[in-house]
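As written, the chain order gives the labels A, B, C and D, with residue 1 at the start of each chain.
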Amino acid sequence: MANANATDGSAPEALDPERLVWMYTQMYRIREFEERVKSTFTEHPGILRGHTHLADGAEASIVGSVAALAPGDQIVTTYRCHGYPIALGTDTKRMMAEIYGKEGGLCGGLGGSMHLYDVDRGFLGGSGIVAQAIPHATGAAWAAQIRRQGQVVVCFFGDGASKQGAFHESLNIASLWKLPIVYVMENNRYQASTRTDQEDANAASGEPLSTKAKAYSMEGVTVDGADPVAVHATLADALARARSGTGPTLVESLVYRLSAHGNLIAPPGVPLNYPEHEAIAIFGNRDEYEAALRGDPVPRFRHQLVTEGTLSAADADAIEQAAREEIDEAQRFALDSPWPAPDSGLAYVYA
Amino acid sequence: MTETTYAATIAATLAAAMRADERVVVLGEDVALGGPYLATKGLAEEFGTARVVNTPISEAAICGVAIGAAQSGLRPVVEVMFVDFIGLALDQLVNGAAKAHFMSGGQLCVPMVLRTQGGAGQRGAAQHSQSLESWLTHVPGLKVVVPASAREVAALLPSAIADPNPVVVVESKTLYFRHETLPDEGVSPEPLGHARVVRRGDDVTIVATSKMVHEATEAAARLSEHGVEAEVIDPRTLVPLDLPTIAASVRRTGRLVIAHEAVEHGGFGAEIAAEVQEACFYDLDAPIVRVGAPFTPVPLSPALEDAYVPGTAEILDGVRRVLG
Amino acid sequence: MSHVIPYIAAIQEAIREEMERDERVLYFGQNMATSPEDPFLKQFGPDRVRVTPISETAEIGMATGAAVAGYRPVVELYMAEFLLVATDQVVNEGTRFHFMSKGAVSVPMVMVAGYGFTAGWAGQHTGSIYGMFMGVPGLKVALPSTPADAKGLMTTAIRDDNPVLFFQNYLLLLEEGEVPDGEHAVPFGVADVKRSGSDLTLVATGYAVHTALGAAESLARRGVSVEVIDPRTIAPLDVDTILSSVARTGHLVLVDQATRHSSVAAVIAAEVAELGFSSLEAPISMVTALDSSIAYSKPVEEFVLPDEHKVVRAVEASLGLAPASS
Amino acid sequence: MAGGGTGDPGGGAGDPGGGAEDPGGGALDAAAAERLLATMWRIRAFEERLEPLKRSSMVHGLTHLSIGQEAVAAGVCTQLRDDEPVYSNHRANGHALAKGVDMGKLLAELMGRADGCCRGLGGSMHVVDVAHGFLGATGVVGGNLPFAVGSALASRLLGRARPAVVFFGDGAAQTGIFAETVNLASLWQVPVVFVCENNGFAEFTPRSAHTRVERVSDLAAPFCVAARTVDGNDVVEVHGAFADALSQARAGSGPYLLECLTHRLSGHYVGDPGGYRAALEDEAWRARDPIARLVRQAAAAGWFDAEHARAAEAAARDEVEAAVAFALGSPFPDPSIPAELTYARS
């Protein structure tokens, strides 16, 4: 079944305690996974040499969105794609092995960090090229519209992608055809190492980026992407609108990625690492970054649940311990998995 | 002698061009910050962000803006971060830049340089590792330069900037940090369209491009230990292609191996082979052999990628095949 | 049994029959199905047949997405040069998914685009740019020259589980020919010998097949027997049929409407020069467009393009014949 | 050589020469009204003559007519100096004539003759006349939009205050390059006037099949760009609106989008059967013919009388016949020029 961990609901009703705890669990698993990918650069140099983009800081947005999905819904993402399949229930062992380029990976080492797929769980993959998966998601939504089984596609992308033609063309068509799709723009304030206000006319004018929806006669809304409950509510609304045939929504989810855009790019032989966040490394704005750390959505959500009495501190510790053990196991599996046979790709050039 | 790198030479060459000619501007994603390979490092500090312009991720529009600016008097140097992204801007490059001079009956010129980089070797997987220069060589009106070293960058990039036509410079991501020594007095600019004979030899000709020039040189050194003297030629520019230099060599050696990193099928080697078999048919003692990547997307896994990218071993194997 | 219809009707017939056979086949694109009287729209309804805005990136990307989601879209892209607006989607997205997912995802889709040099369409609407797409692993490229092949290749293209670029030639659209009745599928990667001969092999693609056949006919009148081979798909490319012909004739001339540098002709020449070297009695020669943009003005356009006369001259040179007085 | 200036590789490009007389702008007086009338008649007469020339194969290739849309070209281009560049789209004849391209050289180009403004290499979709600041048409919808931004950016960097104008159709507003370009123009605040000729059709498809956004000007605000929609068949209104936009652009303001609602009275290209447009009432639009309308406005305002209007038509038709004679007298170009002109030489 698709999205085994998702709610069945199309209605944006209040989240029950069990569901809130589930959300925290997924957020923590994602954080642990991303930190483990990051530490691989120093602890196992040479294993990761590709382009790796981490989603730490966006966990609340990812999990709040995924929690609002119904069975059968599908998602399409960018190359910063580790978090979604974790929340959808994809095996973290096979994910880590794929990121390590091993035979036991989701795609046998042919895809890597930017190209994960888990079609059975509704994760249709993404693209390594900025914005180019937005039309793919739009096409999948067309397929869902024809199929008439009430499926919705959620398309995740970053703020930078909204300056690509593919964004403009796709949102126009989705609105015109009233496709069952929700566009979630995770605005993390940086396009690689350019600040959004340096590359976006709306941001430069102090407007929210959801303003862009007006150009397509589409609903546009901005939400605090560090608050998983708020994201869930916004997505639930947007999904209901999409499911009812009213049309798509552009959701701007404000997040702050806590790692740099991606790992350092250097020639083979030079050990790679994750540089400091652009706010510090390029703009010298340590205050901004430290404020973001203080607002880290993962501990913030734990604190909220514990304070509200939804989750005991001991249970929270246990969740975290279980996540660490799971990711330990995933990493062991990935390290132990053999390299694929050099000619193993030849069979997959053509279907 | 001065110790430098390929990337640093790009930055230094751009800086010199910008000092010499205020019409030269640089634009692209993150160029004011130096770019991911530091090939534009220091330019914004020296020339300001009016001439070193960071852009949104809008490859098509950036390329189009450069065309308009070139038609109106600037000499833009655009950076497209990976050649894999060139597909986003190909209409602008082909239908906009390459044809303007022709279609306007000679009135318009588009003196722009598009810098990009290709090649595998950094585990970038199928969308960040390709060698797509062959597409560009099919477009009349574009020139295509593939510098194999810091020396070639210093010699050819100024000529690309000075050229009145759109020129695409495809750099190699695995060469950016390669150390090299250049003469203190600098390297003089050299015209586009002239191959360089990297090594002399009479037994077999190896034509290699970009990173493969170094692999071919290594292969030639090993062959020499076995008494086989290979001539290694770097065409340096694919358009215009210096066929006479290649043909003269093949007429002497009777044998040709062509090596590039792109897929063999549909790669630029086919163009060289087609030209040479026509020009040197009666001098060839063996079929021309092309050494390139297999016809698959670039795999991510280090084990697969290492097997995918051709190198010295594959060139040696190609030479064995032409020597019989 | 067969029936005589134009090339474009043969293509439409294949699409219609496949849509009848398989309800997963979708058909959409620019400047089609705008009237409620459109036959496709009437027969298959607006779910499966739609007009789109001028948004090539979105059109091809949506076809990719719909294919991943289980459909088999055919997207009408109008002109080959408009593929350049969306090249990333043509070569770098759907073509990679099967590989990158180790087979978990496949992308059965057909992109239809017109090409070819026609009277005065000038520099941006005439590009025979199919050669740019033959070096893309994961992508197949069909280039039919007759109505029968057009129908058969389109049928195969729709049934194929990979992205296929289907190039239709503007000047051939209204050319009539016999098309077999009933189901007709032409396999990919199988060249067709359009005319048998023993003295020299001509390999021509798409529109140039007719140029080659015309030249072969006029050479036959002089007693020169020329074999004409049409690869029909350039990816996959049937090199074996060409090699076995060259093994008999020892002479090869390639005819291609595209500009010469890095053309399909160059790839075939390189393959044969390597694999058929010992059969060759003369250099392979290429009759292609000159390396130039296509001019608007008629005499300049004609000067640039390959024609029968240029093919005949190349054949004469390869065989060492004296030029016919003309 | 035909068509004015040559490419100037040393100077970077064919840069429109400055120093041309200022055609003036702003409020409409009798002289300006007469110029608008003359321009519209020149376009109308030229394109009406193209139809038979095309059908008799004297003009070949794809030829897109703008009959019925003349007010936009006239209202915009007649206010620009030669050094203020215009980028056009595939429907370029009217823009070219209004911008000052010589009619004989334009027709010679459309006939593929050596005296054409592009020596017969470009044709209808690729007209260029650098000397008059007509920097080019394009055959790819939307492909010309970023050129104008680049041109205006170059002017700023070279210290010349000089706006650029680009024409596009409503179909181009749905292309990705439109969004990329407008964002850049807005972000960098370059003086570009985007002039949309909204004729309700993108190629052959009505606008309703392309977007739910009613007006192209509605697209401006989401990009933080100022915009206005005018009746594109009222040359007085187009002239006034563009005069405002131009004076702001000359003063160095950011981009502006001017949408002109209009209607082409011919098909997408010569030979297009036009059946898809049967449902539309051409008659209603004929009543709003921009030329007839200006004549009525002129009579009311006292700018000129009906006799002057008839004389303008006659003069235009005479000029067209002279252009036909010039073009027919021009030889076809030497077939060797492709090799010469594929690359520029320094």
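By definition in this document, contacts are C-beta pairs under 8 Å (C-beta built on N, C-alpha and C of every residue); 3 or more make two chains touch, one makes a residue touch a chain.
The structure presented is a predicted model; accordingly, all values stated were derived computationally and were not measured.
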Top chain pair, ranked by number of contacting C-beta pairs: B-D
Chain whose average C-alpha position is farthest from chain C's own: A
Intercentroid distance (Cα basis), chain B paired with chain A, Å: 36
Intercentroid distance (Cα basis), chain C paired with chain B, Å: 30
For chain A paired with chain C, centre-to-centre distance based on mean C-alpha positions, whole Å: 41
Touching two or more other chains - residues of chain B: 55-56, 58, 60-61, 84-85, 88, 91, 95, 99, 102-103, 125-127, 140-141, 295-297, 299-300
Junction residues of chain D, two or more chains touched: 116, 118-122, 126, 138-140, 143, 174-177, 180, 183, 187, 209-211, 338, 341-342
For chain A, residues contacting two or more additional chains: 108, 110-112, 115, 127, 129, 132, 163-166, 169, 172, 176, 198-200, 345, 348-349
Contact graph of the chains (line, ring, star, complete, other): complete
For the chain B and chain C complex, residues of the former touching the latter: 60, 84-88, 90-91, 94-95, 98-99, 102-103, 125-127, 130, 134-135, 137-138, 140-141, 239, 241, 262-263, 265-271, 273-275, 277-279, 281-282, 284, 286-290, 295-297, 299-300
Chain C residues touching chain A - in the complex, by the definition given at the top: 26, 47-48, 50, 52-53, 55-71, 73, 88-89, 92-93, 96-108, 137-138, 140, 161-162
Complex contact set, residues of chain A against chain B: 48-51, 101-103, 105, 108-115, 127-132, 160-161, 163-165, 191-194, 198-200, 265-268, 270, 282, 339-346, 348-349
Footprint of chain C on chain D - complex, ascending: 60-62, 109, 112-113, 116, 118-126, 138-143, 171-172, 174-177, 202-206, 209-211, 276, 332-333, 335-339, 341-342
Sites on chain A touched by chain C in the complex: 74, 76, 106-108, 110-112, 115, 117-119, 124-125, 127, 129, 132-147, 165-166, 169-170, 172-173, 176-177, 345, 347-351
